[in-house]
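Order of writing sets the labels: A, B and C. Residues in every chain begin at 1.
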Amino acid sequence: MTDRPLLELDRLSAHYVTGRGTRVVRAVDEVSLTLRPGETLGVVGESGSGKTTLALTILRLLPPAARIVSGALRFDGEDLLAKSPNEMRRIRGKRIAMILQDPMASLNPLFTVGDQVAEPVRVHEHASRRSARERAGALLRAVRIPAAAQRLREYPHQMSGGMRQRIVGAIAISCEPQLLIADEPTTSLDVTIQAQYLKLLRDIQREHGLALIFITHNLGIVARMCDSVAVMYAGRVIESGPVRQIFNAPAHPYTQALIESIPRLGGGPERLTAIDGQPPDLATLPRGCSFQARCPRVVDRCREDDPPTVQLSTEHSARCWLAKP
Amino acid sequence: MRRFVLRRLAYAALSLFLLSVTIFFFVRVTGDPTVLLVEPGASKSDLEALRHDLGLDRSLAVQYGAFMRDILRGDFGRSFYYRTPVLELYVSRLPNSILLAAAAMAFSLLIGIPSGILAAVRVGGFWDSAGKLFALLGLSMPSFWVGLLLILFFSVYLGWLPSSGSGTAWHVLMPAFALGWYFAAAHMRLTRSSMLEVLGSEYVKLARLKGLPEMRVIAKHAFKNALIPVLTLAGINLVLMVNVAVVVETVFAWPGIGRLLYEGIAFRDFPVVQATVLLAGSMIVVVNLVVDVLYAVIDPRIRYER
Amino acid sequence: MSVSPAPAAPSPVASAPFTYRVPRIRTEGLPMLPIVILVTLAVLAVLADVIAPHNPEIGSLSQRFRPPAWIAGGSTEHLLGTDHIGRDVLSRLIFGARVSMIVGFTAVIIAGVLGSTLGILSGYLGGWVDQVIMRVTDTWLALPGLTFAIFLAAIVGPSEWNIVIILGAVYWTRYARVIRSEVLSLKERDFVRLAIVAGCSKWTIMRRHLLPNVLNTAIVLATLMLGVVIVTEAALSFLGVGVPPPKPAWGLMLADGKKGLMAGYWWLTVFPGLCIVLMVLAANLLGDWLRVKLDPQLRQL
């Protein structure tokens, strides 16, 4: 494993401009992240915090209304922002892959499973129909789908949710990517299946040496799966670092509140702590820290200036006026 | 699959039954059957005899029974004007209408689908705006007026195309254009919106995430899915075309069943009118059935429906 | 017409100069084109007797087939020319607007009221009422509107009022279908359940809770149907089973126009057709705008 990071984001920003220039939504705001080969990074946040937009930004698949306005994006040493659309296309699916949240919607209902799993192989490696088909069968077996040969001929609607998500996983690893981005892959699965699926992801990651970005709102999964975590709020990464450090000593009030809101068994009858209020409208962010309206420890400074990124240790940083190294 | 087909068949049979009842009802009850079913010009004493012959003095249920019995035997009455069984007339004219409808449908799909796809893929651009304008005009212009304009332009002014009759490919051009114009607009609209919806779907998103070339994403993943509703509509429209071509056929004196209907009303030849309407409705019910089954063939999800 | 702003400081009425503020009509967001067209047609229809230069039903044979004023042989007497009996085309068009508007709106209203009522009954009451209404609706929907209308017209004979009733009888099924499915989904909503729990009778629920909610859909559908009805009426008149002569209907004018077509008397075909297109266009545009404005989910209409 080399020391060079696989993925580097340096103050990357992506904005949506709508209403003919009048409304600017800072969906991804000065995000800096590093990911090493084989590492698992969890990206945590509420709905609307910008997690999915971040993933699409990395893959440069933003809708036409959005634009990357500043910052740097490097993958395996290469500058992704400088790539032509065709070059990006060759990276997608082959070197960086992504799993979406809803497996039923992700699969085309009119084509067989085999066709869809074999497709990336056929396109990226120019494989023949037959060899791609064999690869597809092997892939289905790799994601532990029973009777793989039979399944190749079936259609997505004939499968259960858990199986469909595995198929989507098979599609993702079909060309042996270096990085896999999983956007809430277990959210739409039954609880009983979630654990199996997570184990599968872990195993695949180990076998293939994949780096994994796991987007979720579930801190429990983060604790189990991830090496490091980045907490997002209103389009910004407000705290990031190794999982252990963040869970033991969260520096940002939002992170603290998130961890505290995890219900725990066996702690006696306590009130469930929730975070008051709603996430802010990304088009009209307040001056200063975007968490000010809901922060239990807000001070005047928070309303005046943007908090800087405070480095609390070599790997742990937080954007808060109250954070002290 | 088989159960699906059987259910659709039963449903179609019920519709046919209700259709015959409706038509029967309107003729015998709301209309005046003595005037309608009797040749114009019959004398008063003849009327009485004919009343009895037609069984108009018997109860409605019995009359309906006779009516259905005749129909199932293929006896739709005789035309007053042509003095031949109506069914014969109808069957001889039907192929012409089908030909016209097929030509019009081909035209409407050839224009409608590509322009719809182009508008969707280049949404907001020139082709989209042009397409929207075309759709708006097409849906607002009555087909027979388009036909009249075409005659004015191509027959009267330019003298290129024959204005009436049938027989050669030249004769088909204008009627097909006139008939298909409206449907081209409708198909274009549906293709565009269907394509837009599909282009925004998750599986197209995933296709792009797989790194597939955009052409492949559109042609393979988006196209087939987008086409489903359009083809369904086209199937329904085809049989619709056969039947609403009344006015276009009249304008161009095209010898189809539409023109037959017109002749029926112009010559007060009611058996023709009644039969044409009945057969029109039946045709549509049958074709809807076929389209439903075909739909199940294309879209595997439908086959396994309850 | 200029607008004078009201004086900034209120002064006693007696000494203040009289300023007249023209009420500003908000025009942003309104679809101006279809509204202008429809209003113009309505004005023409109402004021036809005053506006039209000639009697639409009487013509002089010495003036037959005169072309429009800007072509050689035409005169300003008959701005848009005359037909085969010498009747003024412009006057006939104006009076034709009256026919089209009356027939169009009345038919749409009849169809709408009938269809919506049956749709609500069918959707809410369910059971055999639903089955019966739905089967009839499906069957009638199987018949193309034009064919069915021709059939009915052949039976009852053409007259202006018969046409309106026939059109209403043919097109109510479009409403019933749509309204019924909307009622089906409304039925499951909480406000209906609350009303049931509160003890409202079925009729009250249908009248006070369901009806206002389906009104949006009904209105959008009505504007879309207006275009269809106009074209059907024109087609019926063209075929001779619609509005009977000598009343001026645009469809009839087209039928008459056909007689002069081969001789090149284009104005008898182009102008009535343009009127029809304008009215249908306005109805369609208005319907589209309403559809987007009232509920984007009505896309499937």
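Operating definition for what follows: contacts are C-beta pairs under 8 Å (C-beta built on N, C-alpha and C of every residue); 3 or more make two chains touch, one makes a residue touch a chain.
Fair warning: this is a prediction, and the values are worked out from it, not measured in the lab.
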- Message: Quick check of your reading of the touch definition: is the inter-chain graph here a line, ring, star, complete or other?
- Response: line
- Select the chain at the greatest separation from chain C, using centres from the mean of Cα atoms. A
- Task: Name whichever of A-B and B-C has more C-beta pairs touching across its two chains.
- Result: B-C
- Let me have the rounded angstrom distance from the C-alpha centre of chain A over to the C-alpha centre of chain C, please. 54
- Task: Can you check how far apart chain B and chain C are, centre to centre, with Cα atoms defining each centre and the answer in Å?
- Result: 24
- Task: Quick one: report the Å distance separating chain A from chain B, using the average Cα coordinate of each chain.
- Result: 52
- Query: Which residue numbers or ranges of chain C touch two or more of the other chains?
  - Reply: none
- Going by the contact rule at the top, pick out the chain A residues touching chain B in the complex. 59, 61, 89-94, 97-98, 100, 102, 105-111, 119-120, 123-124, 155, 157-158, 168, 171
- Item | List of chain C residues in touch with chain B within their complex | 135-136, 138-140, 142-144, 146-148, 150-156, 227, 231, 234-235, 238-241, 254, 257-258, 261-264, 266, 269-270, 273, 276-277, 280-281, 284-285, 299
- Message: If we count contacts the way the header does, which residues on chain B are in touch with chain C in the complex?
- Response: 14-15, 18-19, 22-23, 26-27, 30-31, 36, 136-137, 139-142, 144-145, 148-149, 151-152, 155-157, 163, 193, 240, 243-244, 246-247, 250-251, 261-262, 264-266, 270, 273-274, 276-277, 280-281, 284-285, 288
- Note on the structure: Listed in rising order, the residues of chain B that touch chain A in the complex are 201-203, 205-214, 216, 221, 224-225, 298-301, 304
